[in-house]
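Report on the following structure.
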Amino acid sequence: MKNQPSGHTGRHFLQIPGPTNVPDRVLHAIAFPTIDHRGPEFADVGKEIVAGMRRVFQTDGTVVVYPSSGTGAWEAALVNTLSPGDRVLMFETGHFATLWRQMATRLGLDIEFVPGDWRHGVDPAQVAEKLTISSLASIDYRHDEWGVDVTVAGSQKGLMLPPGLGFNAVSDKALAASKNAKLTRSYWDWAAMQETGQTGFFPYTPATNLLFGLREALKMLLEEEGLDAVFVRHARHAEATRRAVTGWGLEVLCAEPREHSNSLTAVLVPDGYDADRVREIILDGFDMSLGTGLGKMKGKIFRIGHLGHFNDLMLCGTLCGVEMGLHRAGIPHRGGGVAAALEYLGAA
Amino acid sequence: MKNQPSGHTGRHFLQIPGPTNVPDRVLHAIAFPTIDHRGPEFADVGKEIVAGMRRVFQTDGTVVVYPSSGTGAWEAALVNTLSPGDRVLMFETGHFATLWRQMATRLGLDIEFVPGDWRHGVDPAQVAEKLTISSLASIDYRHDEWGVDVTVAGSQKGLMLPPGLGFNAVSDKALAASKNAKLTRSYWDWAAMQETGQTGFFPYTPATNLLFGLREALKMLLEEEGLDAVFVRHARHAEATRRAVTGWGLEVLCAEPREHSNSLTAVLVPDGYDADRVREIILDGFDMSLGTGLGKMKGKIFRIGHLGHFNDLMLCGTLCGVEMGLHRAGIPHRGGGVAAALEYLGAA
Amino acid sequence: MKNQPSGHTGRHFLQIPGPTNVPDRVLHAIAFPTIDHRGPEFADVGKEIVAGMRRVFQTDGTVVVYPSSGTGAWEAALVNTLSPGDRVLMFETGHFATLWRQMATRLGLDIEFVPGDWRHGVDPAQVAEKLTISSLASIDYRHDEWGVDVTVAGSQKGLMLPPGLGFNAVSDKALAASKNAKLTRSYWDWAAMQETGQTGFFPYTPATNLLFGLREALKMLLEEEGLDAVFVRHARHAEATRRAVTGWGLEVLCAEPREHSNSLTAVLVPDGYDADRVREIILDGFDMSLGTGLGKMKGKIFRIGHLGHFNDLMLCGTLCGVEMGLHRAGIPHRGGGVAAALEYLGAA
Amino acid sequence: MKNQPSGHTGRHFLQIPGPTNVPDRVLHAIAFPTIDHRGPEFADVGKEIVAGMRRVFQTDGTVVVYPSSGTGAWEAALVNTLSPGDRVLMFETGHFATLWRQMATRLGLDIEFVPGDWRHGVDPAQVAEKLTISSLASIDYRHDEWGVDVTVAGSQKGLMLPPGLGFNAVSDKALAASKNAKLTRSYWDWAAMQETGQTGFFPYTPATNLLFGLREALKMLLEEEGLDAVFVRHARHAEATRRAVTGWGLEVLCAEPREHSNSLTAVLVPDGYDADRVREIILDGFDMSLGTGLGKMKGKIFRIGHLGHFNDLMLCGTLCGVEMGLHRAGIPHRGGGVAAALEYLGAA
């Protein structure tokens, strides 16, 4: 009988940097009947979620939850803290920094953009606002201890939810400053949102069912696995992935080991090869989605998401898919990537 | 054995004007595994949704879908069409008009607010923008034929979804005007959003799983029941509800028969009685949520939602709950409301 | 606009005596991924279920759970206790007694069948084995205290599950007797099944996912609502239903008040009218399923199930549907049935 | 940061020979509200299922569907075709043959059991009844063309369902013979069951919600992937698995290549090592369930299920888990099993 690819049966491998694989329990929670967002049962949901998100952000400050994408939460961070014409220094560290620059310009801010090579991060000491879109609930992130003013996050990464919720963690200092910020705002206004932690209610209709899912995801992260174990797991999977990349003789995009991401790994393909063709072959042949290179990295890298609801064997399947895809796409590489990862993961 | 209330078993009756009862099929669709919103499978979802929403709005124009509440879609309508200092004439027809005024003020517009008594609508000929938050997919709404510039809608009403999606239907004229509108905008910017109908993709991460639900809901509304039948059903349930109110010897808030809503009925309680106490008794005793009176109507009315995924026997259960609640709350009324509704609904 | 029936939108009313309306929580539990029925996680499920079912049966004896319909559990009761040619006295109390007679005959037993009129029960003192297929978890049933040898039950009634699980509660005396019973048996053999309570495992593959649902249903019945409240609720709904029947001027099939069922009510239609035509009109016009008359009662009665996951407003919707259906079918009746039920249920 | 095992997050790998990984779509279908199994909507389900199962069995004969485990379907095959004291020749090919012998003995049959070594199959020409519990819908099985009298199957293998449904495919000859078979039977009686294909109804309450799932699974197998592609996929995964076993320097239990199973692979561990300890280490460390050795093979083999809803990367994850488990358990082996499988699967 002929040896053929398997087609699309079994589970899809969703290994983009987000959305991530959503646990069945969270999907089931989202599918519960919608309730009255002004009623007593909902108030408990609202309060529980804000309390849980404070633990995830490691903050005693204000947490705001929007029915929005993560992009909306970025916009909220800007419009609540800045005034028209404010001068903003931005460091080019990747595609999202570029997008944020567009957003800031549209909102009437005066941007000074410091170009970078996208392969090195920025000295954290220089940056007042830190983006954590991808990493929240995947790495040890300490909003208060690190003195962060505003943290921005979306639901579809480490929080293991579908997209549709945006978050701001806001320091008291930032909250005070927002009273003098003059950018117009209504939907994103922290003033209207900041009571949810006390009352459990929102100033306008929240995304009720996604909040059901968030409650379940927080239970899994905080009460069952525990955040510390979550962080260890992500570090472990990131290390195994980097060993696989090295095993293939390829390069990880991020050049500084101390800046390596524990939630995703961007893999450079050799000059003259198309990373998106690799992704296409892997999607068609092995039903796995990988992340494309964004902006000027398009075609030069593919990104492997290894965050969220994930485990060793899912990672192994992922890396096997990449190794076979490199082979099918004719990318020059060595075959030992999976073996290197197995050696690391299989150690007792 | 003692006759006691039944406690909270069986299905909750969610009879607020929104969110409405979400069909199991839609909840199941929402619970499907999240997919890559940049991949080919998603593009089909995006295109199908925009095409379906055009049919619901009855427009050949642009339909924009936001990951947001309906409030976000309101804000989008304003920031895409107006410039700072623009003078806006607003008619006070109810609580949401008041909220919209707040929003417009926050956004830097100059509002002239024409007070009303909340019991009469506004002459449609005078109004350039029309809100349909509650009624879309419940009544015959014709964006193009009626020459509407921007229509605003949320997912959690007639569309039978949980909250979390906001919609604008935009005429070509409004789209052209938006190029000169000077209110700052980024997340809400139509320019970035208007390609979805062609490409199926969104400028930032959409609320993937709610879109799965929308696709299923559109299938039910457009292909299975059919919009005409949906409208007939809502008119029929509204009529039965008003007959019940009359049967109880109570008054419907909206004084003009031609302005009656087919999606919700606001019931005035006699002076000296508290409508919210009626709601509380009904929630505690019969596990049914009714809508509160908003703004200056608080305590004077309760609102019965009879829209979305609904049928005759669900309406009968709803009206029975109201009739028993009026009795338990000691509201002066006659007992014949349910009987009047049954006479109407039971006619062959 | 024309007044038309509502077609099939909204929730179906499943008011047959079983299967009953399954709670969303139970349906979600059933939809969890199947696990290894020989693994440690499953053992906890098995033990928890047997312990919970003991509380439902009110027995310290053996509880056996089959992957089968309730009919299978009947057969199990027979083949474990009887030998070929055994003489069995059976009382004709309804259609299921007739079915059981067929089964016993097929299994080689010698049946003496005492005819009855189907409108009176049998003196419990005369009956060694008692069927409770419909009523378990709806009425106060005491296997040990009443000295019952074998109780038979199915999942799709008061236990609020889909069909697919059959149960026997077995007294020690019956278990001992089974060692001498000579009817051949393998699948139904108690000897192989009786260890589940201790080990959590089954001699052959159990219906894993239905057991997940049973665990959730037991949690709702035993821990949340509480069996006593469950029994009060069923008694209350049965009384309201009978008052409605009397209000319509119709008769309940069961002639003896002390034998009234709290889980279903069989309604006699007047001579010359077809009860199945009433059911058909109600199904077509109001999307509600009622139970047919079985055996010689076919066409003479329809049965209203008011058991399982149910509440006051669901019952009200049910009774309104019957009242409108009687009207549409032209059955001579008075219109006051719903009013009588509301008066009873609405009392504080 | 310490390198630790990942604990139990992400998806469990259920790689026993059954139950298998159930597709989300099937789980969702099972979670739909239960309907009246005597109503018109159900009749369509019943007829569609029997028609689909005929295609899976490749028969124009009778297909019977029981609410039971596969064991029940075995018993049905015996009690419908045999009479007390009938002499039955059975070939010992594995643990299930032993179980069937027990069953046959309990049912009063006279068994002649031909011992085997469990590593060789039986010449098909000698066998009148063929068991296909594991393989149906995984391999090309032709009930009619091969002249099989009775085929037995369960839902939880290639059909991709949870356990709880049992099947018989019955030739006309066997159906005719059943009229003279004298073993007592009622629940299992083909006579009562054989009309389902025409009427869509069952003689007693079917496992409604599992049938919803079966309908969805049949749609996936017959209409979407197509049975031919399903068979190719299983052959391919079986071949990759055997290459991995060979790569590890271990032996597949089944010694005859032409008898290799395409749905599961039994791996012999070297003498002096405990296969169940390997399974335990893999379950604890990598959250994967493998099948134990049954009967006299206990501790000597572990079994890898690679059937049902499965794809290349799930298989890769599975084989990686085995390779790491062999390492952790200290089983003497070579490390090249995964590499051998990747070479095979990765070939274009």
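Letters A, B, C and D mark the chains as written, and numbering starts fresh at 1 in each.
Criterion: a residue touches a chain if its C-beta (ideal position, glycine included) is under 8 Å from a C-beta of that chain, and two chains touch if they have at least 3 such contacts.
These numbers come from a predicted model, not from an experiment.
**Q** Would you say A-D or B-D is joined by more C-beta pairs in contact?
**A** Most C-beta pairs in contact, of the two: A-D.
**Q** Relative to chain C, which chain's C-alpha centre is the most remote?
**A** A
**Q** Centre to centre, by mean C-alpha position, how many angstrom separate chain B and chain D?
**A** Each chain reduced to its C-alpha mean, chain B and chain D end up 50 Å apart.
**Q** For chain C versus chain D, what separation do you get between their C-alpha means, in angstrom?
**A** 33
**Q** Any idea how many Å lie between the Cα centroids of chain A and chain D?
**A** Chain A and chain D have C-alpha centres separated by 40 Å.
**Q** Quick check on chain C: which residues sit in contact with 2+ other chains?
**A** 11, 21, 24, 28, 31-33
**Q** Would you pull the chain A residues touching chain C in the complex into a rising list?
**A** 24-25, 28, 31-33
**Q** Per the contact definition, I'd like the list of chain C residues that touch chain B in the complex.
**A** Interface residues on the chain C side: 1-11, 13, 21, 24, 220, 225, 229-233, 235-237, 239, 285-288, 309-314, 316-318, 320-321, 323-324, 327-328, 335, 338-339, 342, 344-348.
**Q** For the complex, which residues does chain A have touching chain B?
**A** So the residues of chain A in touch with chain B come to 11-12, 14, 16, 18-22, 27-28, 30-39, 67-72, 75, 84, 102-103, 106-108, 154, 156, 162-164, 183-187, 189, 204-210, 283, 289, 292.
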